[in-house]
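By written order: A, B, C, D and E. Residues from 1 in each chain.
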Amino acid sequence: MSTLILLIPLLPLFSATFLVLAPAFNLTIPKPWVARMGVGAVGAAAVCVAILHIQLKGQTNYALQFTYANWINVHSFTINFGFYLDALSLVMVSIITGVGFLIHLYSAGFMDEDKDYQRYFAYLNAFVAAMLVLVLADNLLLLYLGWESVGLCSYLLIGFWHHEINNTLAANKAFIMTRIGDTGMALGLFLIFYLFGTLDIQAMQLQAQSQWQTGDSMITLCCLLLLAGAVGKSGQLPLQSWLPDAMAGPTPVSALIHAATMVTAGVYLIARCHNLFELSPLAMECVAYIGAITLFIAATAALVQQDVKRILAYSTISQIGYMFLALGAGAWSAAVFHLMTHAFFKALLFLSAGALIFSLHHEHNIFRMGGLAKKLPMVCVSFLIGCSALAALPLLSGFFSKELILNRLLEQEMYSLWLIALIGAFVTAFYSFRLFFVVFLGKATQEPDRNPLKVMVFPLLVLGLLAIFGGIQPKGLAVLFSSASEEHHNLAIILFTIAVPLCAVAYAWRVYKEGEFGSPLPNPEAKKIHRFLFSGWGFDAFYQKRVISPFIAVTKLNQNDIIDSLYIGLINISAKLHRFCSQFQSGQLRWYNNSLVIFAIVAMTWVIIK
Amino acid sequence: MSGIMGFYLPSVLITSTSLIVMLMAALKRTHLLTNLITTVGLSLALLVQLAQLGKAPYQTSLILFDGTTTLVSTLLILAAWLLSLFLFNWLQNLKDPKEEYYLLLLLSTQGALIVCASQHFASFFLGLEIMSLSLVPMIAYPGEDNQALEAGIKYLVLSAIASAFMLLAIAILYLYSGTLSIPELATKVPELLSSGNIINGCAIILLLVGITFKLSLVPCHLWVADVYEGAPVPTTALLATVSKVALFVVLLRLFMLGEWHNQTALINIIEVIAAASMIIGNLLALLQKNLMRLLAYSSIAHFGYILLAILALKPAIAISNVDTLANEAAITYLYAYLTTVVGIFLMLMLLPETHHIDQLKGLFWQQRCKAVVLTLLLLSLAGIPLTIGFIGKFYLTLVAVNAQLWWLLAALIIGSVMGLFYYLRIILVMIDQPESHSETEIITTHTQLLVMGVVILLVIGGGVFPSMVAELVKEMIGLTF
Amino acid sequence: MIGFLFFLSSTVALISALLTVTRHNAVHALLYLVITMMAIAMIFFLLGAAFAAALQIIVYAGAIMVLFVFVTMMLHQGEVTMKQEALLYQAKQSSTAIILCVLLLLELVYMLSSFSTAQTIMTPINVNELGAQLYGPYLLLVELSALLLLSALVGAFHIGRRHQEQDRQL
Amino acid sequence: MILLTLIVFLLLAGVVAWYSEAYGSHAPKWVAAISLCLAWIPLWPVLFSLELNSDQRWLINEVHDWIPRFNISAHLALDGLSLLLVILTLAMGLVAVLSAWKEIKKQTGFFYFNILWTLAGVVGVFCALDLFLFFVFWEVMLVPMYLLIAIWGYENRQYAALKFFLFTQAGGLLILLSICALVLLHYQQSGQLSFDYVDLLNHSLSKKASFWIMLGFVIGFAIKLPTIPFHNWLPDAHTQAPTAASVILAAVLLKTGGYGLIRFVLPLFPDAVQTVAPYVMAIAAISVIYGALMAFSQRDLKRVVAYSSVSHMGFVLLGCFALNAQAWQGAVMQMLAHGVSTSALFALVGAIQYRYHTRDLNELGGLWQTLPKLSAVGLFFVVASLGMPGLGNFVAEFLVLVGSFETYPWFTAMAASGLILAAVYSLMIAQKTFFGSLKLNAAVDFDTRETAMMLGMAVILIVMGLHPQPLIDIAQQTLAHFPSISMGAKP
Amino acid sequence: MIDPDYIVFFSLALFSIGVYGVLVRRNLVFMLISIEIMLNAVAVIFVAASSYHGTSDGQIMYLLILTLAASEVAIGLSLLIHMYRRRHTLDVDQLSNMRG
């Protein structure tokens, strides 16, 4: 079994390495083989995961730890290459390989015309490998390795079309903003090592539970530093603004990295370290509030976006906000469950959006689309499924997971958060159907010039099914987090929560059914609010003004190195002194005579004084 | 008796050579023959002097031949010998009669030998005057050259004034102690000091006026640049090396004998002179474009450095007892300075009409051999390891640290860095690529190659394997009464 | 008597020395210098150094000064030189130098006055003794003096040599 | 005799290279490359056995008489730390030669002479155990480097060369003073004049004396490292130096500073080091940040990389003075990793300069479109320089920070923010050079020589990142002898 | 009987006069003359000291000073003539071609 687990990340890694190195050795691989390799590697990994599932069938409480090799061993600082498999990581691995495989398959069609086909698959495979390392790691340093590597792959893929400068800027932004969080996380790692003397996740949590009291400020600090990493990676407040820009990458990339897997790494991290977080109520509260605020802000921002991918991006932020909210409320399994369902329906949505874009010569603006329901029925259906699941319409996968979260909030008597979540749910349903209605109903303004390829349709199908029927919580999760929540649902409340999204959909229908949109807003106040929401609550402008501009100004100011002027000053002083001393070299014999006499006088004076 | 004669023999040889040269000039002037005779005479003297190394010391009331004397004498003769090898070509380009130059060269070397052997003020004074009065005509040697004339007059007048001050000092010392012998004086100094007067200080100050002038230490350094610039290159070489080194030995001898560390006022003055020489000398050289002036200023700094050894001779508070190390440091540094500077002047003699730094431009690509030698010599002056200059500087640092002369060491560091700047600047000019790449390798004769070889051997050989130098110096310093 | 003679001759020497360094006419100055030399010779004589006194007159006043006078006369061009010299030296402008000299003198005197010689008996040195010393232990000095004179001779000869083109100018 | 042979071999090879120019201007580079490969032979037995001497301290320990007057001997020895750095020197020397392969066309003989002599000097520095000998090598390596910059450098080479030499010379003189003081104090105590490191380890200086002596050493080494405020020679020297010289400068010359700190300062003055540790660490943290900020604001690609060196070497200083095992290991690793990654970047800039004759970031851009191989490799090293896990730099920086966090968490936090800034300037390099629209003409991509060289370095970095344990174990041979100091400062 | 202090004072005064001459006179002839005065002043001390101590050293020094003075004057005058020939002046202040 250990080999099997090892194979899971290694297969894509090998494929990536091969694809990267081939050009270096002047090896040209024919395009179909590139696709076969790239897709095949992830597919093989997925098969491995399936075998794993079969082997673990029936077991609910399992935790497998394998150590493969030693990495660093200095004094007491010992780090191994080791994998840890339990229900949580299995769920993650399944999502990554499963959804990953589908997206790879889809990409084979989507990227068909791109000349950098090979590079694309190399990156994508590398990403999958890194992500798998992240979720399988048994210690925080290895996790950090995966964590940074996925960041790097994300950077490379966002900036995949690098000749467009904006894409690379978006990539930079993504990397640097996540790096800010990552550095906090690194500090957290230092602190954890300092406190516990180990970076092994399980050992560390055991120690924490046994030796530290709940609410200890050191533990809180640890949690907050880890949270910083999670916030950065998962696009939560205040480091969320990179994610909308990250849509500059190819759409399948957005689906895989910026919806299904990488951005949920933060959720995974906190769930992974839940024992630690449980020791710190303050940190938990922080997580919950960050999630709540983020979900609200992102949802409202999604309301007014025009770019289909940006809408989805904001919705991703918002949905991850839900997960954070769940985590903060201690609903670990609910959070991971939502993570899973979100992976399905969001991947579906992105892929559908990709198909849309693919068919409409890279048109992103939803207001230039319309009436596509008949022309692209397949896309329309998958979109509908995705939007419904996103809106948490009853009986779709999103419904179950979101329901769990809301319930948990009530159980924990976090009413204000519950309220925000509910409002968020309303807004979510509204913007998702706004998207759907605007794109597929109304007047047709644009003709699709081609239909999605077959390889692209298949993943849509599978994901659509998953989005509909994926609302089954994996058993292992509940066991792992020992959250056998008593089902004492208040029926009224359940009904109420079901009703909220439905209302929203109805309202959206009223507003957008006939394509009466795009008209200028009536009053300046509304315009202002629109602009504010459109800019994602002005975070970008704020950062630009308060952080980036001052930073650039400061560095510009000091471009020539202020310290250097110290030495230049020294040079000038020396030159001045040189000229001063040279004055006395007047060439006048009598002055030279004088110097002898003056020296004699001064020296004798000194002797006399002494 | 023959042992005693051995000590005098180099001087006798040199004097006889000078007489022969004079006779030759009187009878029939043949430049080549004169050159040959001078070279042979100096070579013989050098050989004899080398044979004297390690002999038991000998002294009369006037003269002291101890290890230091013999060692430094060897160096002095060596310098003169090296110069004499290059003189022929250089003098050939001069319109003036040539023979006198050899004569004066020999006489000034003779004077220097006497100075460094003297232990009596009379012999010291007379040797000094022989040396400097022979140098004056050598400075003003080219009759057509206004600058040489100017330099000659300046040197004559200033050195006469300096001599007068020195004589006054000697007279005062004589008046109050009744003796002219340096060791005798040293025994009487404590007695003089015990009565709480300052005559000794006064006399030493007056003596210092003369000595600082001859060693071109700040503040009596003003003349040095003008004279170096005006004088012909070989004369400058002699001025920079032989005359200074010989005088420094006397200073060393003077300071070895007395109980100087008790006289804080004097020590203070010497400290100030040392620091000022290091800093001001280097500052003056910093942006100097004239090669000769630059070397003049750098020599100011070098003698500032070497004063550290004097100050470390009898330190007030030493870190540890290192016996004669300060003495060795001084002699080693003198050795390093002399060989390096002579080498540099020899190279400049090979590059006629080079006054300005920019004239060296591209030398590295046109006359590689010379440029490499010159570069190594400059690095030695700058005190970069694997050259003898570094060994000298290392000795100085060691003894100065031992004597805890921290402020002077700070000046040494500042001075060295400044010094490095202008030495490197010369190297930069040499390696700068000239616009027109012309391979005009001027043919070097075998003599020149030989001389360059000897210089490199002394400078680099001494730097890479300093143990020979160190052991020799230590042994020689040990040979005293 | 000796004291009086000393004061007399020293006063003469100082005054004529002062006059020497302040004259514009070089020949006058040289003549004053000769007087100074004579006065110093007198002092030597008073000090019991008869030989030195004789040498002072013969060599200094006789030989060296004559050399000076000779050269000066050679280069002297009457009124022109006088006017030139008057421009070159003006006593009024030499206040700094005066201050320096006075300072030097005062300091030297101050330092030397701190010491008093206990012994004030003069023992004249006769020529015999001098000769015995000079040609005894100090023989080397005589030889070196010869070398000094030789170098001066050669040097003066070389520098003073007339150059072809300069002959025409003079 | 092994080490002496190695050094003398390099020196002789330099002379041969110079003279071989007579047989055509291509001969010297072959001589240099071959001799750098041959230079491994003396080390071969050591590399295989890694067995310590009987005194459990050295792999090789050889003493040759030199200056008996001062009891100075040519004491050369090799232990783990030295071995690593000597290997780095030889490897990066080869890289330097390869990167100069086509670039240097004039005076090739003298060029390779200087390269080999610099390397010989550096090897000497890493092996010398006699303080006097150490100082000699320390200064000797400067001269050929100075000539390299001054002759084959770019526009402003003379200024840069002078600055380089003067800064290091000033530091060198301070070190000389400290050596002299140390030796004399030891002499006074023990009655034995010795410049030998092993002897001097047993000194018992007063607190004040050891503080001042240590300060001299630290400043001298800090100039070489370099840390602010003594870093100003570095950007100029790097920018103006020819590619090969930049490579050597970055790869090994800077490391002599770090080596000096670890070899001499830490074991010789364990107590004094503790008193200055907080101040030095503060300076180190500021160095990290300042260097990164400066790197971001530069427009000359080489200057960016040079300032990034300042930033990276700040970690070395931080690690040295954190005074615990992890941080020391981190510092050693950082020296190695930085040596490889930064010299690769310099080689890369050299390759760009060779092709486009510019290093101005505003003129470059979009290179990926014409030079995919170069750009891909470049991106790899850019990423390495920002401390990507899995590569050597990360292991190093992480170890340093983990170690120093135990002693001074606040300085560590400051230095850690350098990681963010590293990302900022590294990505700026990537974006302005490789990405965006193409502004320049097409050019020839990497040839086999360049690809092989770069891939070699990439592999080294990956190995260092994923399997650093052998290196750590080798370095441990040295670090195990350090007095373990625990500061016990809780956050 | 002459008090040694007087002699010393006399010679120091003479010396200072010589120094004064050296410092103020621009004419080379006068400079040389002033130097002679300084040398004479020193000679006085030597001779006097010789008498007081009853040793002949001082007088021997006087002889040496005499030699020196003669040599110096010889060379000095030859330079003087040389200068006059080339420059037609004896003003040493004009000898300042080299500076800096």
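Odds and ends about this structure:
Criterion: a contact is a pair of C-beta atoms (placed from the backbone, for glycine too) under 8 Å apart; a residue touches a chain by one contact, two chains touch by 3 or more.
Quick caveat: nothing in here was measured; it's all calculated off a predicted structure.
Looking at chain C and chain D, the chains that touch each of them are A, B.
Relative to the whole-protein C-alpha centroid, the nearest chain centroid is that of D.
The highest number of C-beta contact pairs joins the chains C-E.
Taking the CA centroid of chain A as reference, the farthest chain centroid is that of C. Chain B and chain D have centres, each the mean of its CA atoms, that are 42 Å apart. Separation between the centroids of chain C and chain E, computed from CA atoms only, is 6 Å.
Distance between chain centres (mean CA atoms), chain A to chain E: 95 Å. Here the spacing of chain B and chain C, counted between their Cα centres, is 31 Å. Residue positions of chain A with contacts to 2 or more other chains are 582, 585, 587, 589, 593-594, 597-598, 600, 604, 607-608. Of all residues in chain E, those touching 2 or more other chains are 4, 8, 15, 18-19, 22-24, 26, 32, 48, 52-53, 55, 57, 60, 64, 68, 71-72, 75, 79, 82, 86, 92-93, 95-100, listed in ascending order. The residues of chain D never reach two or more other chains; the list is empty. Chain pairs that touch one another, listed by label: A-B, A-C, A-D, A-E, B-C, B-D, B-E, C-E.
By the touch criterion stated above, chain B contacts chain A in their complex at residues 153-154, 157-158, 161-162, 165, 198, 201-202, 205-206, 208-209, 212-213, 219-220, 222-223, 225-226, 264-266, 268-269, 280, 283-284, 286-287, 418. On the side of chain E, the complex with chain A involves touching residues 19, 22-24, 26, 92-93, 95-100.
Residues 582, 585-590, 593-594, 597 of chain A are the ones touching chain E in the complex. By the touch rule above, chain D contacts chain B in their complex via residues 65-70, 106-107, 132, 135-137, 139-140, 142-143, 146-147, 150-151, 158, 161-162, 165-166, 169-170, 173-174, 176-177, 180-181, 183-185, 187-188, 193. The touching residues of chain A, when paired with chain C in their complex, are 594, 597-598, 600-601, 604-605, 607-608.
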